[in-house]
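Below you'll find a set of structures to go through.
Look at the two complexes coming up: chain A is in both, with chain B in one and chain C in the other.
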Partner chain A sequence: MKTRAGAFVKTVGMAGVLLLVLGATSLFAEFLAPYRYDSVRFDLPYAPAVIPVWSHGRFWVPILEMTDSERRRYSPSGKRVPLHLFCQGESYRMWGVIHSSRHLFCAEAPGRIYLMGADLFGRDLFSRLLYGMRFSFLLSLIGVAISFSIGTIVGLVAGYAGGWVDRLLMRLSEIVMAVPGLYLLMGLRSIVPFGVSSTTITLIITGSLSLIGWASLSRVVRGLVMSLSGQDFVLAAVASGASPARVIFLHLLPNMRYYLLISVTLSIPAFIVGEAGLSFLGLGLSEPHPSLGNILSESQSLETMNSAPWLLGSGILIVILVVLFNRLGDVLREAGEGGPGGDRKT
Partner chain B sequence: MTVRLFVVLLLLVVSSCSRSGTSGERVFSLVPRSSPLHGTLTFDLLSDPKTFNPALAQETTSTQVLGYLFRGLTRISPYDGKIKPDLAARWRVDTSGRRVTFTLGKGLRWSDGVPLTAHDVVFTFNRVYYNPAVAAAVRDILMVDGKPFRVRALDDRTVEFETAKPFAPLLEELGVEILPEHLLAKAVDSGRFNTTWSVRTPPQEIVGTGPFRLEKYVPGQYIRFSRNPLYSPPPGLRGPIPGTLPYLDSVLLRIIPNQNSELLRFLAGKSDLISVSPSQVPVLSDAAKARAFRLLIRGPSQAEIFLTFNENPRAPIPPYKVDWFRNRLFRQAIAYALDRKAMINVIYNGLGAPVPGPVSPSNKEFFNPAVTRYHHDPERAKRLLREAGFRMKGKRLYDSHGHRVTILLMTNTESPERISMAQMVQAMVKPLGIRIRVVPLQFNMLSTMVLSSHQWEMLLFGLTGTLDPHGNATVWRSNGFLHLWNPGGKGPSAPWEAEVDRLFDEGVVTLDPIKRKKIYDRWQEIATWEVPMVDLVVPDAITAVRLTLGGIHPTPLGGVIPHISLVTQVSRLVLR
Partner chain C sequence: MMRAVVLRVSHMGLVLLGIVFLSFVMMDFAPGDFLSQMAMNPQISPRVIASLKEQYGLGLPFFEQFLHWARALLHGDMGYSFSYHVPVSTLIGERVPMTLLLTATAVLISWGTALPLAVFGARRAGGLFDRSLLSFSYLSISVPSFFLALLGLLLAERTGWFPIGGARSALPATAGSWDRIGDLLHHLILPSLTLALGSFGVLYRLMRSSVIEVISQPFMTAARGRGLRDRLIFWRYLFRNAVNPLVTLFGMELGGLLSGAAFTEMIFGWPGMGRLMLHAVMTRDLYLVMGGVLMGAILLLLGNLLADLLLYLLDPRVREGT
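On to the complex of A and B.
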């Protein structure tokens, strides 16, 4: 068991492990976050981080008091509340199904725990980042799944069929690639009437990002198919009367799986950044729902950077996620090239 | 590999934080000038002016720029709102209250040397402002009962205004700019007036009577004014030091279309004056000493920020929603659910004030302290909703027909503060079971939706207040063109609307100030009881002024510059 885990870590590298941890964390955001993403405290705008302190055998959360509302300065009021673990807090519905109000940790009512500080409405940045990260993960995974299904199928068909089918599909992909992505996204977004629910908006963003993403992949897949089609084992399969589906699914696809896996990991960052860009421009997920992009867009003015620099944390998180995914792609490629079965032919 | 990357990232963050922390590395000091006269005033504009024609100017940038170039017959004292003479040296109101005779100041000349006479005044009103072919925005306020004033020149220096009925705000409205007949008559005759004096006109052709002349305008970059040597200051305007007015030699306005860069330029000493939003105060207050400026907090501004509801029965929204909005108890419940103190603390750093009603408390002449005040009282809000037939099921509110109460709240994207306020409204009515979705829209789109297609439910918006309550007629009269909650209505749709209409009709023709105040007091009582507009909060008006300037006095009504021609530049800024 241990060796298998070790092998897994070796294949995906530290980056993969970290991503897995981050993904799992955000998956359980409702439980791990001390507050809901829309839980406001209007008396604590831009409150700084409130870190629990250890004394008398337990953790305590100091209670902040605003001393200067003009400059938003806070100081500890001297009072404190104990930090509870596995406690009853704000109720939530995990993944929209499980009804509960249990949190990993929480502070009693007048006290408020802010691991990373608060935003303008006194909402906990840490909680919002967890929810926002989940949104980014979900959006990019679904988006990648859609764009890869389209891209791979189009590439396989074009490469295998050749002739006019190939030309038609490739011209189509070129048209899609020629359209400037951001403007297409803004255009698609503006078709949608305002006031639609955030779920709809999520679907639209995902859909429009995937609509752009498939084209470049399909071209590479087509190239791979064409080069593999000339190889002996494919020719042999065709000669022995294998159906096109059999050739594609048993002989071509398995041979590109490493390439596909790597480009999946490498294109996830594009989705994360794409969503962040849209939300930054106010076209993505709308408040109070958090996404990494719209948290970042809150911090863009000079005065916010001055009073609440911690809001830039969402930008740092975006950078970290992108770097980790790129790194994961690298690790997978190295493993694919050198490891067993890297160039295995069926 | 990843570990190293993390370290690099961390270092980046730490270094950027520590750099922003030490903002006091540049320190300015002041070196006195040999004379405070002949200085320059520099500040930034957020946008280009759209026109140099005072009759056509509508947005604030154009009117601000033209304020240096043109004058009216009267002006309003920024200290107490009293009417003071400007081009007119004095006036006499006859006993009927319908006829006012103005005598122009002696020796008034346009900046090209031609004398200004009563015929210019007659031309300005009869041929420009009352000319249906001219797109003059002020025409509506220069009318009584839909009839224009009769303007006649009695001689070169005397002009008589006659109104169909006594018109209380007449003297105030006559602050509109007077235009030169000798230059513009041809354009009016040939029907080209609407394109005359555009921003492409050579600056020396723009001729006014103001303290400054337009010297150069480079679109997107700057506007420069130089002193008008033919300027004759209004009677009674005297500066503390000897010297001809205006004291300044030039005014330089740079066009910087971004508030962040405007702020940075001010901090870098590149402008002398900046209007500050409360959220910018923390950035500025720490730097005041090193950057040689002071922050003048002048108290609540005249603006009004409010929530309003679509009460238009013909609106293309579900009719049951219009029924909620037409219910006074529902509107009052919303008004009681809002915590204005929290709004001020969160959005304006505590630098603001709740708005009690349509007239600002700083307007001491007309404000009625007896208006219904809506303090934060969620229990009362719940009670009012129950009384209005709404029922809570779980955490959701339903009306008596079983419709869930969900509302779209629109506001304009240009103002981040309004969006934040809308989000706070959303969070504050949530405990009542009301679900609000905030929709920020671009201003033009929003005004189309509100005023023409009527496709909106709730609106968070702002209007600039006017000193004379009659200015509110466009909003409050049921046929006013800004009657937001039921625009284009065919007359009043409720008894209280009919009474408001009657009060405005009465108020405009009543000249006795005590009776007039009573009329508008009654209007404020109705307005705050019926709450078609739920007033929210206004920010304090704040200006940061460099210590190099003289002649700066914060006034309750007119900013920090009581009169532009009294501004001096007492010292220069030197980087120490």
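On to the complex of A and C.
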């Protein structure tokens, strides 16, 4: 068991492990976040981060006091409340199913714990980032699944069938790739009116991002199919009367799996950044639902950047996620090149 | 050769037709159009709206409306912008030079720095210089353009070295044309730098790996063995071979000249195509959206074509192959 875990870490590298940790963290956002994403405190706009202090055998959270309501400056009031672990806080439904109100940590009633500061409405940035990150993960995983399925099927059909089918499909992918991505996204977004439910918007964003993503993947798959089709083992299979399905599933796909895995990993950042960009422009997920993009868009004005620079943290989180996925792709590529099974012939 | 070009151009025509048709379908799906918003404005008489409707064939069934627009397009008429109340071609004609100024400067900066640095880094691959630039490239690839632009804005505000957003500041009427140009350039620095920073990473990594591959080729050893001058070895053997894979990328950069800077433009308030397009989509300005998409797509396709032609000219292997 231990060696298997070790091998896993070796294949996915530090980046993979970190991504798993981040993914698990966002999965349990309801429990790990001290507050709900829409839990407001209008008396604490742009409150800075408060750091719990250790004394008398427990953690204490200082209570902030607004000293300058014009410029939204705060200073510690001298009072403090204890920080509890595994405590009862705001109630939530984990994944929309499990009803609970237990949180990993929470500050006692009048106090409020802001690990990374608050936004204009006094909502906890840390909690919102957790929820926003979960949205990014979910959206990119679903989006990748869609674009990956379309891209692989189109690529397989085009590469295997050849002829006019190939030409038609490739022209289609050229059309998709020739439209500037952001314009296409904005155009697709404008199909649904503004102010529809967040579920619809999520579907539209995911759908449009996948609609853009499949094209380049299908060309990669097509190229792979064409290069593999000329190899002896495929020719032999075809000559011995194997059906196209058998050839595709038994000979072509298993040989492409590393490339596919790598291109899938490397295509995830496009989804994360695409969603964030759309939400940043106000075309994506709208308030009060948090997404990494619309949290960042709150800090668009210079005034906000000055009084609450921590809101830029969502941008940093996007960068971290993108770096990790890029790194994971690279690690997988290296593992595929050198490791066993990377170049195996079935 | 000519045949290949003609074939490619006709392909491009087909793809363009597809794009135009699909985007028309897309806009048709969108509920309401600009005229229905106009109709709610009591200051505009129903007569004006009816005449606009007739002139642009908006009341017609889908296919006829499409043909109407496409026929006008062939005569160089891209239609009318309902939100700006000017012809689309005028609007695009105003914005395109500004966007090109921004993106071309950015391309000059990124290529001008990344290529020499990559050659330098590749010669001492794995050294401190190379490794730090590699990590920098990683960051450059991973930072989304809108975040980078926000950071740039923050820098401008904190240091006061650069104007915050816009392309021009209010100059006195007496200001000469040199002052105006200087002012424009001052506004240009930060947006073009952030754009260049964003494309530096890809360039550096690609050029570096390409140079490393070429350096270890036998013909390089042979050239050195024959005692050729360093300069000759560099330009004729190393550079010409190493730059090959970048030509395709160059085509893509050319293609992205119009559409690639959208976020940067929006954040810095640069009056280019990106902001125009966002406005057009938000207000459902049908023909403006179509015009913008068309221009962007044409440039993308032209960029790819140009890259292939360049490759043909630069690489005898490609020439012999076709």
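In this text, the second predicted complex is superposed on the first by the 346 of 346 C-alpha atoms of A that agree within 3 Å, B and C clash if a C-alpha of one lies under 4 Å from a C-alpha of the other, contacts with A are read in each partner's own complex, and residues count from 1 in each chain.
Throughout what follows, a residue touches a chain if its C-beta (ideal position, glycine included) is under 8 Å from a C-beta of that chain, and two chains touch if they have at least 3 such contacts.
Predicted, not measured: the structure shown is a model, and the values here were computed from it.
By the touch criterion defined above, A:E65 reaches neither chain B nor chain C. When both complexes are overlaid on chain A, the residue A:E174 reaches chain C alone and has no touch with chain B. When both complexes are overlaid on chain A, the residue A:A276 reaches chain C alone and has no touch with chain B.
In the superposed model, A:V319 lies in contact with both chain B and chain C. Contacts of A:L302 after superposition: both chain B and chain C are touched. In the overlay built on the shared chain, the residue A:M186 is in contact with chain C alone; chain B does not reach it. In the superposition on chain A, A:V40 contacts chain B only, with no contact to chain C. In the superposition on chain A, contact of A:E334 is made with neither chain B nor chain C.
When the two complexes are overlaid on their common chain A, residue A:A15 makes contact with chain B while staying clear of chain C.
Shared contact residues of chain A, touching chain B in one structure and chain C in the other: 302, 305-306, 309, 312, 319, 323, 327.
Across the interface of their complex, chain C is touched by residues 171-172, 174-175, 177-184, 186-191, 193, 269, 273, 276-277, 280-281, 296, 299-300, 302, 305-306, 309, 312, 315, 318-319, 322-323, 326-327 of chain A. The touching residues of chain C, counted against chain A in their complex, run 11, 14-16, 18-19, 22-23, 26-27, 29-32, 138-139, 141-144, 146-147, 150-151, 153-154, 157, 164, 256, 258-260, 262-263, 266-267, 274, 277-278, 281-282, 284, 289, 292-293, 296-297, 300-301. By the touch rule above, chain B contacts chain A in their complex via residues 1-3, 5-6, 9, 13, 17, 20, 259-260, 263-264, 279-283, 285-286, 339, 342-343, 345-347, 349-351, 408, 413, 416, 419-420, 423-424, 426-427, 437-441. Chain A meets chain B in the complex at residues 13-15, 18, 38, 40, 42-43, 45, 66, 69-72, 120-122, 194-195, 282, 286-288, 301-307, 309, 312, 316, 319-320, 323-324, 327.
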